[in-house]
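Look at the two complexes coming up: subunit A is in both, with subunit B in one and subunit C in the other.
Right after this comes the complex of A and B.
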């Protein structure tokens, strides 16, 4: 039983990180109807910004983290929108799919060539000391991950529901035409969505890299987990992305322990097919209507 | 289109003769041409095999408007089916060839059935996850697939007493199979079944209201496209004679999409052009030591924005007499993305 609880808690920690990326993914889908197939690489790259800042500029870890988030907002937020998405306006969804797949290859191979092809160790925010709660061992690092992720999600939720800008963003996501009539600066709101997505991916990157090590090819696995988290939870719901992320993290951990380590990466496929067969709109999602 | 169509048939015959003669040693016929060396023959055979798999992707993407991210996985299924049946059970080549295609077709149905029940890009995600799974399976199930050590000595077939072991003969065999598969694809697309696709791509909602069962058409397109992946794999295994999991991973699957885009999505010859770029670019850029994927990715990102109909789309634009371009109702698009923009009706709005 204690083993089980430990697995669930460490699963929740990784799941919370997937949730961060899945939220960004969901927000982008809501406001721009685009799917970012490079989201996994967006979770891989910021860790290398931090590593580069430490290795080449000699920055301390905390400063490197800030640099990584800023760079990711700049490159993966503004750069991604202006260079990749904006030129495709008016084209069907397929164009964005292909372009972001190419972007994924571009980012992956660039990191491999510029930084390193080897997995890089990455420092944790909190040390790896084990704490014992009635026989259940939890590391301080895991608690750190959970706390940071929870705070980020709460702040984001507060921003989206309590601030004027946040509510304008939601309005833009729900109905851009009406939002525009009501005087919402849609373009600005869309830009904010890209910035938030990049920041969330950056956070996720800094949190996941100590666990999986920073490696150029991490995007494949991380991206798949984030996509599936978004779909399992409900494609069009931020709350769904959170639930989906946690579910993936826990199921992944339990499957690795009780079913098979070798097929751990197949967990997303199983979950994906189950959800599509039995609850296509996701756990918390609502059905989308198709317009002619 | 008409300019291209007029010269289509004679051009095709000339191209085929050239393709058959180009790698051969023609000095015996009085032509000072010594043909291709072993490596050149390998590359040109690989081009054809890649083009077969890409034809499948073109059917799925260019005609049925779906995304598949698992074509290399289907290639793997086909290659391993061929390798296992011929090396372990001694099954005749063409039986194994049919089995490879049939298996991929069935897997395509099983995979596509749930994925195509829902709209949006779910097939992309399911195939993405499936690509990861196939790779894991090939790598982990050592008793069957040999794991990372792969399967060695996949035999090249003997057809009507002709041994295809020499590279040149095997190339002709691949060329012959490519022509057969391309003819089947051509016939499929010209059949009423194929024409329904065009309707689907141009306006899915209208096609549905005209009584076309959109879902089963998309499902069949995906299954047939995947079977082409299997056929390509069944040619790939005897071509390389040694197979291991690496070429069937997720990464190579993504390249098929990019190749189709570069060649020209929805054009019959698009896969051949795309596969040429996809196979040759890594060869030409060998001196850059690993920069090839980056350069290819950049080319694709630029082309999606500026020439979404690929190289063939550009050629067609150049060959068509200058006319005022039709403006599309959906708004300003870069390039003449008419076939692409029309399918934007498929977009889901919440």
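Right after this comes the complex of A and C.
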């Protein structure tokens, strides 16, 4: 039982990080109807912004984290929107898919060439002090990951539902034409979405890198996990992405322990297939109907 | 008249170039270096590339081998056995004198038949035990095969750790499976029970479930046989979950790279090391100093393997007395390279009929963020 609890808690901590990236998928989908296939690389890059700030500018870790989030917002938020998405408006969806795939390769190889091909140690925001509860060992860092991810998600939820700007963003996501008629600055709301996505990716990067180690190829695994989490939870609901992330984190851990490590990556994909077959809108997603 | 003169000069230049080019070409021997420069094996390949580049520069600066300069042609396998095979096949079309690489056992496994059929020596970095057991007369190791290193570790687990039960954690690829298949019979031969037999995936990032299973096995010691980054991640997770049993491994668990990544989670890890820049040997220390000065970071065992490959070739060509692939391979079989005569080889080594190497090795422990050699194990056949 203690093993099971250990696996669940560890899975929740990892799943919370997946959830942060999965939220980014859902936000971008809702506002721009685009899927960012470079989302994994968006989770990989901020750690290298932080490492670069520490290595080349001698910044302390706390400052490097702030620099990483700011650079993420600048490069992966504003830069991504202005350079990749805006020029492709009105183009077929496939153009965005191919562009984001190309962006993923570009970011990955750039980090490899500019920084290093080798994995880099990454400091933890909280120390690895062990706490034991009934035989279950939980590190302070794991609790920290859960707390930080939960706080970020709650703040985001509050922002989207309780603030004027948040409600305008939701209106833009639900029906941009009507939102525009009502006087909502659509372009600004879309930009905010990209900025939030970039900031969430930055947070996820800083939380996951102490576990995964910072490496140029991390995005491959993270992007897939977040994508599956978003679909399983519900691509058109932020709360769906949260649930999806947590489910994938826990299922992944339990599959590795009780099925087989060799098939651990297959189990979330099987879950994905089952969700698509029997509940295509995802666990918490809402059905969308479109007139043809 | 002007045209005639121009024509004469032009013709002379063409003729001179035509005569000179082959002569220049013959002064340079091209050696394909087919290694993992991208993909998951990029760090390994980069170390090997740096080591072999440094060795070739040294050899060329001293006049080359039998008066010929070496020029390496790097081919990226992208850490993919299929691409490695294609790279070796293309390289063999040019009838090279030898091939360096690949380093990943899986890539060596799919290329060794090609070099054997083409009768071209292949000096590689793979460590999986089955590689040299397939009868190739043209395959040569730069490091111990698992058939040599695993008996040493099993003995250490019995005598040094006094373990009666061991949990084995290995990577699910040619490297890891080779190690697992080599250690388990050695443990059983010594009366040590395998309490858990766990495979992990190459490139795996999260080891929480694996560590939970290892803890549940409650073995006297845990044998970890993963590549460097995965080793570091495993150690970090083991520390996080409060694992207190001895963590024992091979070169890939105790390397400086793992220590740098895992930091204090690597503290106390013990095991057998085939090649290390921390060896108490003046030639190795000198190599370590040169490598660090040239590349700004220390070499790991893959850098040392890459460095030794050109010197193995040099010793074999000089013994054969000619540049001929068959003669080079024949010269390498049974060859002992003495560092007193060839300092670039760093350690006294002997290559047997299978291409396996015998040389001294070390028992090491991680103390104070450094690999500390606690015992030097002599050659099996001094």
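Please note the rule applied: the second predicted complex is superposed on the first by the 292 of 292 C-alpha atoms of A that agree within 3 Å, B and C clash if a C-alpha of one lies under 4 Å from a C-alpha of the other, contacts with A are read in each partner's own complex, and residues count from 1 in each chain.
We take it that a contact is a pair of C-beta atoms (placed from the backbone, for glycine too) under 8 Å apart; a residue touches a chain by one contact, two chains touch by 3 or more.
Please read all numbers here as calculations on a predicted model, not as lab measurements.
In the superposition on chain A, A:236 contacts subunit B only, with no contact to subunit C. One of subunit B and subunit C touches more residues of subunit A, and that partner is B. Of the two partner chains placed by superposition, only subunit B is touched by A:101; subunit C is not. Once the two complexes are overlaid on the shared chain, A:283 sits clear of subunit B and of subunit C alike.
After overlaying the two complexes on the shared chain, residue contacts for A:7 are found with subunit C alone; subunit B is out of touch. Of the two partner chains, subunit C is the only one that A:118 touches; subunit B does not reach it.
Of the two partner chains placed by the overlay, neither subunit B nor subunit C lies in contact with A:74. When both complexes are overlaid on chain A, the residue A:186 reaches neither subunit B nor subunit C. By the touch criterion defined above, A:269 reaches subunit B but does not reach subunit C.
Residue contacts after overlaying the shared chain place A:93 against subunit B, while subunit C stays out of touching range. Of the residues of subunit A, those at positions 112, 221, 262, 265 touch subunit B in one of the two structures and subunit C in the other. On the subunit A side of its complex with subunit C, the touching residues are 3, 6-7, 10-11, 14, 112, 117-121, 128, 130, 132, 137, 139, 141-142, 210-213, 215, 217-218, 221, 252-254, 256-257, 261-262, 264-265. Those residues of subunit C lying in contact with subunit A across their complex are 38-40, 42-43, 46, 172, 198-201, 203-206, 208-210, 212-213, 215-216, 229, 232-233, 236-237, 239-242, 257, 260-263. Within the complex, the subunit B residues that touch subunit A are 61, 65, 67, 69, 114-115, 117-122, 124-126, 128-130, 132-133, 136, 140, 205, 250-251, 254-255, 257-258, 261, 290-291, 293-294, 296-298, 300-301, 304-306, 308, 330-334, 337, 340-341, 343-350.
Interface residues of subunit A facing subunit B in the complex, by the touch rule stated above, are 30, 33, 35, 37, 84, 87-88, 90-95, 97-99, 101-106, 109-110, 112-113, 174, 220-221, 224, 227-228, 231, 235-236, 262-263, 265-266, 268-269, 272-273, 276-277, 280, 288-292.
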